[in-house]
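What follows are several structures.
Both complexes shown next keep chain A, but they swap its partner, so chain B is in the first and chain C is in the second.
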Partner chain A sequence: MTKEAISPGRGPSAVRRILGPAPLLGLLTGALACVLIERFFGQQVSDLLHLPKMPVLFGILTISKVVAGLVNALFKGAAFEGIELLQLPAAGVYFAVVYLLPLIGVGRITAGAANRAAAALARMPLPASALVHLGLMYVTLHVWAGMSDYRLITLNLTLIAVLFTLSLNIINGYMGEFSCSHPAFMAIGAYISSLFTVGLFVDDKVLGKALVAMPMDYLTFPLALILGGGAAAAGALIIAIPSFKTRGDYLAIISLAFLFIVKSLFENLQVLGGARGIAGQPDWATLPVIFAVVVLGIWIINNFVTSTLGKALNAVRDDETAAEAMTVNTRRVKMTAFLVGAFWAGVAGGLLAHVLRYINPAMFGVQKLAEVLAMVYFGGLNSVYGSIVGAVSISLLGEALRPLEILKWIFIPLLLILVMIYRPTGLVAFRDFDLRKAMGPRTDSRPKV
Partner chain B sequence: MRKGLLLMVTLIGLGLALSPAAGAANDVIRLGFPIPLTGENPDVGASSKNAAEMYLKQVPTVVVAGKTYALKFVYEDNEFKAESAVKAITKLITEEEVLGVIGPQASAQAVPAGEVANNYATPMISPWSTNPNTTLNRPYVFRGCFLDPFQGPVAANFATEEFGAKKAAVLYDIASDYPKGLAEFFKQAFEKIHGPGAVVAFESFTTGDKDFSAQMANIVASGADILFTPQYYSEVPLIVRAAKENGFSKPIMGSDSWGSGDLMGLCGDDCKGLFFSTHYAAAGAQGATKAFIDQYSAAYGKTPDDVAALTWDSLGLMIQAIQNTGGLSGDIKADRTKVKDALAAIKDYPGITGKMTFTPEGDPIKCAVVVKINDQGQFAFHKSVCP
Partner chain C sequence: MALLRVEHMTHYFGGLRAVHDYNLEIEAGQIVGLIGPNGAGKTTIFNLLTGIHTPSEGRILLDGRPINGLAPNRIAALGLGRTFQNLCLWRHMSVLDHVRLAHYARIDYGLAGAFFGTARRHRQEARIEARSRELLELVGIGHLADQGVLNLPYGAQRRVELARALAVAPKVLFLDEPTVGMTPEELGQMMGIIRQLHQQLGLAIFLIEHRLKMVMELCQRIQTLVFGEVIAEGTPGQIQNDPRVIEAYLGKETVD
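The block that comes next holds the complex of A and B.
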């Protein structure tokens, strides 16, 4: 949205030039228009284009399915109908007609009005303006996900990935350490919150009969998440204390060890289901709940990293000795960063457990670590935008390229390598997330140089 | 820009002119396969897909109440991950609009996926999952294999009768759902026959371990008459060799997990003469089972493993149930429930892995076989054990 290049000496980005002077408010309105168009006319458009179904992930899925069919036909001799090739341009046209053109069109047409509205909102307290933007964003996502349950589950898991990635970015990005224990924090959060919800409110084979019967038991879900996050933070203490003295490779090894300890702990704890895990979590992690928690998480983490303490994190990253000399209490800083990061990872774990409604220790292994590290480094270190971009793009790509099967695992790592070559710190690294500026009016398409 | 637009318009025009009229989709029965085509266990996905493709070649169309339907299978990669399996099955049910689902295979994916299938009221058969939670309280979820609480006693009884074993040792992977469950069921059953303490060594390791000498030393010292190790094909050769090197000369027996993958290629002569309980025996098979094995071997150049055989049977069950519905209405939601009811009502389905009838929980009642790995390295039928 506010992807315009701020660095001096560079002109407005191509995206920004096309979108014109539309502020975030205008773009959100445009996005809402897109999903409404899709909601009411998407089926007709896809029928008109002779697409077999309404494209579910912006047409990328349709394209990768055709490509997969083509690859199978070429290398394995599978049957392939040439007519399917026509789905390639059709998916592109669908994307253009339903998303791209309305977004640009509405964005440009409403730019004047949206700028005036944004200016009016900017005069109001920040929370009011933020609520308006978030409301628009939620409605857009709600309508978009309402069209298909597959979108809904993808969106839910993507939002959780955003929170999880951001929480790791505190440690790996802002503090500049290489921590490998994040899946363990997620596991602790997932288990403790499941223990709370399943143990108290659900009849379960592993954890026994429900202890409490309450008509509004879902209202306790925030408590479950906080407990999960708190337990993860408590676990982080174990890793934060040795991290006082270690840096770099050694911290990576200690934290990796912690990951394995936690995983085997849950594997061996028969009261928590052992390797079989816990199933039957209540279905409480709905889209509004996840959206609210993730937004809250982003807000708090953003405040944290832009606070004095957050700046101290950067100081510790750049030179620990110098930071210490400049009166930064490095111990306290490291400890806080670990605890905050682990807390939100635990909350993400609690959400994940209640979306999948099943957890087992194997889910929180090295594979999960690789996934989240890829999201952090792909999106960009030291940046809230970066975490959002990284988590969303890797999740969506992983989903949209699923039909390619094994080729997907060539394509995504290749993309990572390319990003690391051309942008070694990730796509949108080291950029502050200034809420006021992001939501403000955009009178001039090109601000100061 | 203008050229691009022109090209687009031409292509759309072409698309409109060439594409066949919509609406032919009514005469197609779509089944979904959320299977691990990539990830840690691609062999499992490949076997499932092979079996399904072979089935499709043999049975391209199904007649339901006088109307012919073309079969169409949709494969979705679950990456051997729980999250991915949930997304894959949701996609199959809501986007691909499949009538029924075969898979996922392993319990770690089948348990969460079963929840999704049950929520969307879509019949699902997991051919290979042994976790009780997969089908528990889920009327729409079935499985194609017998459960560990049955296989454990089979192995315990066999060890007692065949080898006269009085003391047994168990070596299992504590971090993996299936071996751990089965090891415990074996222990229970064996101690029920021979009294508490009859399992003299109950040794564990963690997924990925390659050195078993410490556990073997304990097992040898315990004086066990038999070693039971319900591990996967990749670990069995290491365990068998470790046993030999540490001087354990008593029989070793295993479970159905031995039968998948390339056990003999990895194990060679060391595994000859050992026994394991499983779903079916490839060598010495007869009738439909033999026909299946011959065709599969001819098509893919290897003997079908139990995943392939169970997938074949699950698919057969699903098709049988669809035929038993007595006609599909075209309303996918109503049809899914009809298929579920028909599945639950199937009696004595003659599968290649034995006769199957579902319990109300959706688990089949079927016989297990004990196979012996013969001197040619084939899995030969030794004994059939029925519940």
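The block that comes next holds the complex of A and C.
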């Protein structure tokens, strides 16, 4: 309701018009159909199209490989066979046949039934409806990621990036401060949770022999994540106390300093493996675990920012004096938001450590900072949707453009610059995430012109 | 016992004496006006009383309780609502959210409620929303509740500030030039609303205003501030004919 009011005059988007009246439920069904088609016929389709192998990332990777080959041929004189150019249209056709057409087709065909189902779900309690949608989403992702290990690791890292980005959006977007210490919080989370899992349950060169041997030790993983998040929040307190005593831009400077301090601390703490870091984390961060934690994180953060307590963040950002005059305890608001952001960054770090099963201080430097800032500002400030869009698109682009090597670092920043010019607050900024509305039937909101 | 009482308040900005020996008493249900030429220190007095600045000397008592030195949010929560001379709205928030947020001090569902969306939170948020809508109706912009504030015409934005100040549940309402920049039509409406609030809610109001006509019509008592000092205080009739006030506004009459 608020959303349309704040951005008036925006009709249904182009994507919406193509997909027609399909509700989220229908789109998820369509997506599931796509991945099932790929699962059973993907190989045949790619053979028919004479693709060297089944495209892993919707064909973008294939395209960028060909482009990279072309560039190398032009500038470095590397061998390039003209026949490879045929892969460009082939990858497009593959994407259309396997993903685009089934998604639109199934979405449109099932729109009526899906809308009725969505309406029935809407009458049920919100958690029930949410579980159905999430279940469908999970199955889709599971099938998609099940087709290659590369997809699985990309998906895992992308999900973690979503949580990480959203946790920074609380501070940089919702609260409008500029914090640079998020990779440090992630590092603290990664190290503390690794300390817990590796120290207790794994024989390790750095941390010594396992202290505990118990069955079903993976059940302690939530505790490890909470400890990691808690430690990150405690670290955040060190920044928050001096930075929020006064008004002004101290946070950016102090938090940047904190990032370097934490990184060099881990580099020099030989008990934690020094610059080589800690390896051998147990393989507990599987896709279902990550999916569950990320969904939980999004749910909690979204609850927070849509409550009146959370809206106080926006008030502090837009006019702090007015917020104070309207009984808002601005210092407490800022501290809370900062600590919440740090906590979830720590949790994301814990997940990351157990996906990669190896961490070292170099992973949490300025490059990580640049990456997460890009995700936040690209996706959109003050918006859960935005963080998801930003994290997913930058992660996938980063992966898909990998063959372009150095050109990737021209293409992605160029994209960022364009977004900053045409949508200065990001792609989907200032948008409330209304679960009930997102999952509801779309019969009542047909495009009106 | 006066609802709001200020005793011998003096304030310095560095070496500059902005306010000198200022005294004020506002009884429940009273409208008191503060007039004076530009730069006299009227808004400074508002900022001192609402806690944005802490007075160098003197005492401020709200309902018998000393409030000088408290943070602005504490003072506001004790019952002091205000509007700002140059609108201080939250540009990305809807009208309804403005009024809802001003209930901040009375939210007690805590962080657990905020994170997990407890039943208690939903009950409380529903109550706050209902009351916010009532307040918006009261100032006549109920139909604009779901608009973003920046989409509103100027007069309506002023009313948002007013509704927001009322949501604090003030004992005394501070209005800092509520009609500045308004068209005559908007001015008339605003005066009507202020009068209505005063009658319906029995609010005590402390008003800074430049338009003497409005102050004369609304206020029971008026203070005239010049260079941080009150040079005259009394009923509208007394102020209107006070030679010192006329001098402050129009300059001294000289015959050559």
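Keep this in mind: the second predicted complex is superposed on the first by the 432 of 449 C-alpha atoms of A that agree within 3 Å, B and C clash if a C-alpha of one lies under 4 Å from a C-alpha of the other, contacts with A are read in each partner's own complex, and residues count from 1 in each chain.
Definition applied: a residue touches a chain if its C-beta (ideal position, glycine included) is under 8 Å from a C-beta of that chain, and two chains touch if they have at least 3 such contacts.
Every value quoted in this text rests on a predicted model; they were computed, and no experiment measured them.
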Margin query: After the overlay on chain A, what do you see for chain B versus chain C, clash or fit?
Written below: fit
Checklist line | Touched partner set for A:L427, first chain B, second chain C, both or neither | finding: neither
Margin query: Tell me the angle subtended at the Cα centre of chain A by the Cα centres of chain B and chain C, rounded to the nearest 10 °.
Written below: 130
Check: Does chain A have more residues touched by chain B or by chain C?
Finding: B
Next item on the list: Based on the superposed arrangement, let me know which partner A:S148 touches: chain B (first), chain C (second), both, or neither?
Entry: first
Margin query: I'd like to know which partner A:L86 touches here: chain B for first, chain C for second, both or neither.
Written below: first
Notebook entry, point to check: Looking at the overlay, what does A:V372 touch: chain B (first), chain C (second), both, or neither?
Noted result: neither
Next item on the list: Would you check which partner chain A:A279 touches, where first means chain B only, second means chain C only, and both and neither mean what they say?
Entry: first
Notebook entry, point to check: Looking at the superposed set of three chains, what is the minimum CA distance between chain B and chain C in Å?
Noted result: 31
Next item on the list: State the interface residues of chain A toward chain B in the complex, per the touch definition above.
Entry: 47-50, 53, 56, 83, 86, 89-90, 92-93, 148-150, 153-154, 157, 205, 263-264, 267-268, 274-277, 279-280, 352, 355-363, 367, 399, 402-403, 405-406, 408-409
Margin query: Help me check something: in the complex, which residues belonging to chain C touch chain A?
Written below: 50-52, 71-73, 76-77, 81-82, 84, 88-94, 96-97, 100-107, 109, 111, 113-117, 121, 125, 128, 146-148, 151, 164-165, 167-168
Next item on the list: Over in the complex, which chain B residues touch chain A? Could you list them?
Entry: 8, 11-12, 14-16, 18-20, 22, 37-38, 42, 76-77, 81-83, 86-88, 90-91, 93-95, 107-108, 111-112, 115, 120, 131-133, 136, 174-177, 180-181, 206
Next item on the list: Using the touch rule from the top, collect the residues of chain A that touch chain C in their complex.
Entry: 1-2, 5-8, 300, 303-304, 307-312, 314-315, 317-319, 321-330, 336, 382, 430
